[in-house]
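Here come two complexes built around subunit A, the first alongside subunit B, the second alongside subunit C.
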Partner chain A sequence: MALWEIIVPVSLVLTIAPILDGMGRKVKAKVQMRQGPPILQTWYDLTSLLSMEPILPTDGLSFRLAPYVALASAVAAATVLPYGGLSPLRFSGDFFVFLYVVAMVSIAYIVAGFSLPNTYTNAGANREMMMVLSIEPVLGVAIGILAINSHSLCLSYMPLHLHASPSIFLAIGLLAYAVYVEGGFVPFDAAEAETEILEGTLCEYSGRLLGVFKWALMVKRFVLLWLLGSFIVLPLTKGFPGWAVFLLQLTAVLAIYFAVVTVEAHNARLRIDQAIRMNTKVFLASLVVLLIASLGW
Partner chain B sequence: MSLTENLMIMVMGLYGASVLAVVPLRRSYGRALRIGHAITFLASLSLLAFTVEAWLRGPLSFSWFGVPFHVDGLSLILCLVLSILGMATSLYSPSYMEVYERLGRGWLYVVLYSTFMASMVLVVTVSNMLWFLFFWEAMTLSSYLLIVWEADEESVRRAGWRYFVTMHLASTLPLLLAAGIMYSEAGSLDFSVLASSHLGLSPLLYLLFLIGFGSKAGVFPLHFWLPDAHPAAPSNVSALLSGVMIKVAVYGLIRSTCFILKPSEPFGFAVALVGTVTLTIGTLYALRQTDAKRLLAYHSVGQMGYIWLGVGVGIFFIAKGGSWAAFGVMAMAAGLFHLVNHALFKGLLFLSAGSVLYRTGTRDLNRLGGLGRLMPVTALFTFVAAMSIAGVPPLNGFMSKWLIYQSTFLSRSGWFVLFGVFALFISAATLASFIKFYTAQFEGSRGEAVGDIREVPAGMLAGKGLLTSLCVLFGVLPGLVLPLLTDPGSAVTGVSVRIGSVWSANVIPTTGAGASHFNPLLFVLVLVVLTAAALAALPLKKSSRRGRIWTTGEPVPSADYGLRAMHYYGPFEHHIDWLYRTGSRVADGCGRTVAAASAAYIRLCRALSDACSSVGRAVSRAGAGYERHAGEEFLDEAIVSPIVDIIKGSASVLEDVLSNQRLMTVIALAFLTAVVVILLAGGV
Partner chain C sequence: MIEGADEKHVREVCERFGERIKRVERIAQNQWLLLVDKNDVREVVSYVINRKDWGETQLSTMVGTDERPIRGRFSIIYWLSLNGGEGDVFIGVKAYLREEDLSYPSVTPEHPGASWYEREVHDLLGIEPEDHPDLRRLVLPDDWPYGVYPLRKDFDYTDSPRREFTEEDKYPYRKPPEGTVVHPLGPYHVALDEPGHFRLFVRGEEIVDVDYRLFYQHRGIEKIAERRLTYDQVNFIAERICGICGSSHAVAYAQAIETAGGIEVPERAAYIRTVMLEIERLHSHILNLGLACHDAGFDTAFMHAFRIREPVMWLAERLTGNRKTYGMVLVGGARRDFLDYRKGLIEKTLKRLKEEFREWVDSTLSTGTFVKRCEGVGVLSYRDAKRWSSVGPWARASGRNIDVRRDHPYAAYRDLDFKVPVYREGDVLARCMVRAEEVFESIWIIEQALDQMPGGDILADYREIPARKEALGYVEAPRGEDVHYVMTGDENTLYRWRVRASTYNNFPSLPDALRGNTIADAPLIIASMDPCYSCTERLQVVDVNTGRVTVVKEEELVRGCCRWE
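Here is the complex of A and B:
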């Protein structure tokens, strides 16, 4: 395993994630008939935040470490995904390991939020936890159907061994829904609601720590979108050269993200109880899909 | 006699020695505990040596005083757990039991502790159903007496009584019936004879084992006693109850249905189904608890569900056989791995709750908070345990849950995948619950029950530190225990399976194309390097300015500005309220049935107890008469009088113990059970 095989994807993920966010802001502005900021605006914001010294509301260790752990987990999750024909770091290729490493970003967010006696950060952490709780069964069913269909849980093997069937299309749809909710996109952004609870956990963060945390959340979104993009692109590009697959993955992620942003631009935030109820409904529907899949369709 | 056997004798000898050592120390509470636990620590250490030695030497059979023993991989898994928890609680208890000094009877506590531990070691090694039941009863009785240690509290007595009666009606009775059926068919109760006599695969036997071991393990709907009983005991005992005793039931389940009977597909499915329902109900109930130990007890129910799910899927696929046998072995190893891991982190969590109780005097999460700064080491240990039970990689809880996901999601069966989905969902609920458990105690502002306190004494920390380091070790190097965990499945199927080896961190649950793998050691390296890189590239200066918590400009005191434990996850709990209502109704129904049956049972025991005491009075009258008239005797006085003295001495000891009526009834109850066992054994 050459060193560049690790460094290139890691730096790629770290650079692309904020640019993707900038592109999203632009698209959203266009949809809403606005001029919008330049594409690199998120980068500018991030670099200025990272250069500023934070003001700490506490000297608790969990509060100070959480942003770094979140960023490290998000990047670690990125390294097990397939990029073209390449998976950079092979500590695992397993879907569940990936899922739990991504979840560590949420855990850092929640623990940090509960580490302070502040109603706003507590509310943010509380909502994030409930969001994870309510979406987990949907995600589980999606993975279950993909596993039944491909007989594997290995991320680089599953997409290449899916058999076309009605249930598999529905499973990808469920995966897309779960990625959307886990990514915290509007209308499922109750945990980071700016106008309502001062961005939840992020309320007490400032300067460099805020920058690192925001970066981690952007990388997490990118990683989730890359997962979804891979499950759409890889089954269709068997036998293509690695670079072509990689470019197609990238295109797919961009396309998905623009679609996501368009949906965001047309929606308003759901209350947390509404979001829970909606996720439960999707879960109940997903059970029907599981039934279809176990019948072999 | 081999070294292994000698080690076993040493274990039993040391437990016996601890009893003998503390009986003379009836007057000094602290010394009895220190000396007693020093010896039990050595006993646990010998048990560990025995485990390692027996594992290296292979299966072993021997007999003591006519009692046959057989030690194989399955026994050793439980011995391992027993030795680790035994060491941890022996280190922890001497300081912790200071809380109970007002109750006195330190020596009796040590006697019960040693009896409890020794009985569990014997249960998992003995190879005769009759003796199994005998030790099983000894375990139940000693654990009952430990649960009601704080017997001056009404709630404790009630919880203990519920436990005791439920165990006899729903655990001992079905097992006795099963033993009777097997005896009538095979003519012997030796495990080896039973296994080779091809008992008909009668569904009744499976059902009896399912109920008998299920009620001890605390699976739904027979779990209703557990959330009352486990928190009622002193925390070190709770750690043993949740850490080991309920695992002994899993041992019994596998031993009886896979080794004595044949593994069966419908039975495996039933175990997995029961496991899934249990893990869902148990954990969702735990989510809304705000009493630290009650929350942990509900999680014991939930985590037991995970173990049953793994074991059930294992039994199913082992019974299916053919190319699925290896998969079944992996699934059973997953369940057994969770058994070991749950013992470690749940033991640790109970010890941690005990530490907080020791210092603050409360276990109400609403009244705690901000302990992290006052008890930093306990905070760290609790955090590791909480993340471990929540299944955060690379800790041990993640490894076993991950293997359980592999064994459900790759089963190609819609049902098992659905079970896996519930396991995944409940893993998130466990996370939620333990983030609450940790943050409500150790983070945020100081709770009202938190005064000027300091860290717990070194002995308590040592016990917890041992468990913490094993939580990390078994997570990062699971290969250390995996060969032992696949052994029972391999022994049943004859298929040898390697999912991880001793010195490699890599775990590969399945074989063939598309097999997953996970290398937790490499993962730790990646995570540490990335975190260190982030910290180095974007360092946080020590001189960073300190600000105050943003209260939107209002002067709010910080204690009133954060959430307390009862405020966590309100909307979600409201959303699943229907489940709480249904679950309570079912559990109440079971509880009422047991209560009604126990009323009849107790009437019988009272009658028995009265009869016994009238016999006792007659005997003591006769004895007194003998003493009056024996003045003239010469030769036999010299022989008899020491015996009379011993009896008189032990009677005064017993009087000490048996000062209340209920305890008399308990003894009668145990006596009754013993009589049934002996009657049953009449033909052996």
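Here is the complex of A and C:
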């Protein structure tokens, strides 16, 4: 495997994630009948943050490392996904690695939040923990069903070997829900709620560290959307040339993201207990789907 | 019967207390002053407030005055108002206190709503309410020396005493209950638009109890107004008490002076005041509804609320020259007339507002996640609303059927028809509903006022305002009853001016609404009270919106946020 096969997708993900966020801001502005910032605004914000020295509220190492761990985990998650014909670090069982590193982003957020004696960051960490605990099982079950169906544990192999059955459509639906919640979109953004807890863990971050953390969260969102987009596009484009598949994946991700942002714009934030209750219901439903899938439907 | 007790309720009070009411004075058409001994204050006040059959009685304001230069004594007056169709009556229970002995039995144990008032006279005049459960400082800052009372007449407004204070000597916040931690909210917090410090005692995310500290913005404008400014100048200071409900304060002040001086306001001026007050209510309510959405994370509704609100600001600008702080009110009438050809503009704006606001309400209330956040959250029971003498939409959402416009008609409200929405639920949703309905009522009031607008003068001709006259002026501001008390002085100046904004009566009840909810809901609950810190604390504020227009070019703003026409 050539080095460029890793470097190209990784830099692509790092570059596109903030642009995607900028596009989302624009779409939201249109829904709200505002003009909105330029599409590159998130990039401008990010570069200015990355150039600033952070102010540290603690000497603790975990506080300083957390943003980098989060970014590294999010990037690691990106490397096991398929990009057109290319999948940088594909191996059997990468599905577990994916779940693990996606959770690592949240764990970094939680550790950072609990590393300070601040009730705001603690509340943010606490909420993130409850959110992860209630949604990771759904994500796991959804991908698990897809694994059963395709008889594979490899994320880039799975979408190409699905056979149509009712449980597959339900599993894709569950995956979409999990991606939405895991991405922290409104109404599931309680852990980063600005008006309630001053963005939780992020309220103590500044400068470069804040930039890295925000970047990590954007990459995580992008990775989750890419996963969902791949499961929709790849089964339908078997035999297409790699570049065409990639472009279709990109289009699908954009379309999904715009839909997500529109839903976001039309909702208020759920309180954490309300969100957990909803996630629990979906998890119970996902077990039923798992049962259906294991019966072979 | 005691002489002067020529009204049913006043007579009943006098009959009940007999000789202990030393004198009754009718100082205005609907205002009576009962002079009692300082030891009878508690009993008389709690009798009036707690009379079951008098329904919505409340403590409207309380004034402490240093009357030593005139009468050699201090005075306190508890102003009680009868509401909810009980009659247009304000009863002032007045007592004199000698300088050697400034203590008197506190009313707070009988009516908690008196708590802040008594803490304030304790701070500013050195009056000692006995048995008050919580006499911590309310108004004065930590570095103000003990024993210096700024509202006393021997204290000059230019004095600025300081004291050094140590770590141990800081403000005595309450200890958190066992098993809880302090979650500080403010003084600076994104969801609070003005400084206020809340200490939420939380267990997990649940709020067990609350302590708060306010008055970060107290600037002592009552002191400046006494002796230093003329009656007309105070009118403009009054308008600048608040960045949102300035007109309400200006009208309340002007009405107090007019009542004291027996000035008859021309009908046309009364109508102009009414229209401006209702325009103010429109933009205030829409602003608050928008902010409630913002606090619940529903930014689309927040943005649309501000888009809908903007034409109201433009309308105000066309009518008065200013988006806010209209400068329309003078003692005796209005400062500028409405031009007749503006009528079409008002009608057009209102028609459009009605449609757009209807759409906004429908789409916001059909957003499940938003309703979920508001329903059953921050409940204030009727009992709590009553015992804290709460006012405005905050009280009406908890079942208090009160509205100064209906119960004590002023300006042109006597001639106009409108409903007073009252809800029982007492939650955030009920408050939103009350405000939303009031927006439609306001539009309806303005439409009627425009139709019936009489011609004629807009400013009364008056010569001199007699000294030593006391009177109340009151207005139903967007947040509830605003009461201004004045005592006139010599040489065209005030002897005493007491401003009581609506939030002053609502704030103390906030802990009751917060308890048992989560910290996630705290900003939303606080916002649903529509708190106005600057009014409460009486200072001058510059409205953020006005400030912004001077920086950003108007076309940019228009292009950026709105598609009006």
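Everything that follows uses one rule, which is that the second predicted complex is superposed on the first by the 293 of 297 C-alpha atoms of A that agree within 3 Å, B and C clash if a C-alpha of one lies under 4 Å from a C-alpha of the other, contacts with A are read in each partner's own complex, and residues count from 1 in each chain.
By definition in this document, a residue touches a chain if its C-beta (ideal position, glycine included) is under 8 Å from a C-beta of that chain, and two chains touch if they have at least 3 such contacts.
Being a predicted model, the structure only gives us computed values, none of them experimental.
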{"item": "When subunit B and subunit C are modelled together on subunit A, clash or fit", "value": "fit"}
{"item": "Touched partner set for A:Ile197, first subunit B, second subunit C, both or neither", "value": "second"}
{"item": "Touched partner set for A:Val31, first subunit B, second subunit C, both or neither", "value": "second"}
{"item": "First, second, both or neither for A:Val97, with subunit B first and subunit C second", "value": "first"}
{"item": "Touched partner set for A:Ile272, first subunit B, second subunit C, both or neither", "value": "both"}
{"item": "Contact breadth on subunit A, by residue count: subunit C or subunit B", "value": "B"}
{"item": "Contacts of A:Ala108 with subunit B and subunit C, given as first, second, both or neither", "value": "neither"}
{"item": "Touched partner set for A:Val261, first subunit B, second subunit C, both or neither", "value": "neither"}
{"item": "Touched partner set for A:Leu71, first subunit B, second subunit C, both or neither", "value": "first"}
{"item": "Contacts of A:Val245 with subunit B and subunit C, given as first, second, both or neither", "value": "neither"}
{"item": "Partner chain in contact with A:Thr119 - subunit B first, subunit C second, else both or neither", "value": "both"}
{"item": "Superposed arrangement (fit on chain A Cα atoms) - minimum subunit B/subunit C Cα distance in Å", "value": "5"}
{"item": "Interface residues of subunit A shared between complexes with subunit B and subunit C", "value": "119-120, 123, 126, 198, 272-273"}
{"item": "Residue ranges of subunit A in contact with subunit B within the complex", "value": "50, 53-60, 62, 64-65, 68-69, 71-73, 75-76, 79, 89-97, 100-101, 103-104, 107, 110-111, 114-120, 122-123, 125-126, 129-130, 132-134, 136-137, 139-141, 143-145, 147-148, 150-154, 157-158, 161, 198, 203-204, 208-209, 211-212, 272-273, 276-277, 280, 287, 290-291, 293-295"}
{"item": "In the complex, subunit B residues that touch subunit A", "value": "369, 372-373, 387, 390-393, 398, 402, 405-406, 409-410, 412-415, 417-418, 420-422, 424-425, 427-429, 431-432, 435-436, 438-440, 443-445, 513-520, 522-523, 525-527, 530-531, 533-535, 538, 540-541, 544-551, 558-559, 561-563, 567-569, 571-572, 574-575"}
{"item": "Complex interface listing, subunit A residues touching subunit C", "value": "28, 31-35, 119-120, 123, 126, 186-187, 189-190, 193-198, 265-274"}
{"item": "Residue ranges of subunit C touching subunit A (in the complex, touch as defined)", "value": "181-184, 189-191, 202, 204-205, 293-301, 303-304, 307, 367, 369-370, 372-373, 518-523, 559-563"}
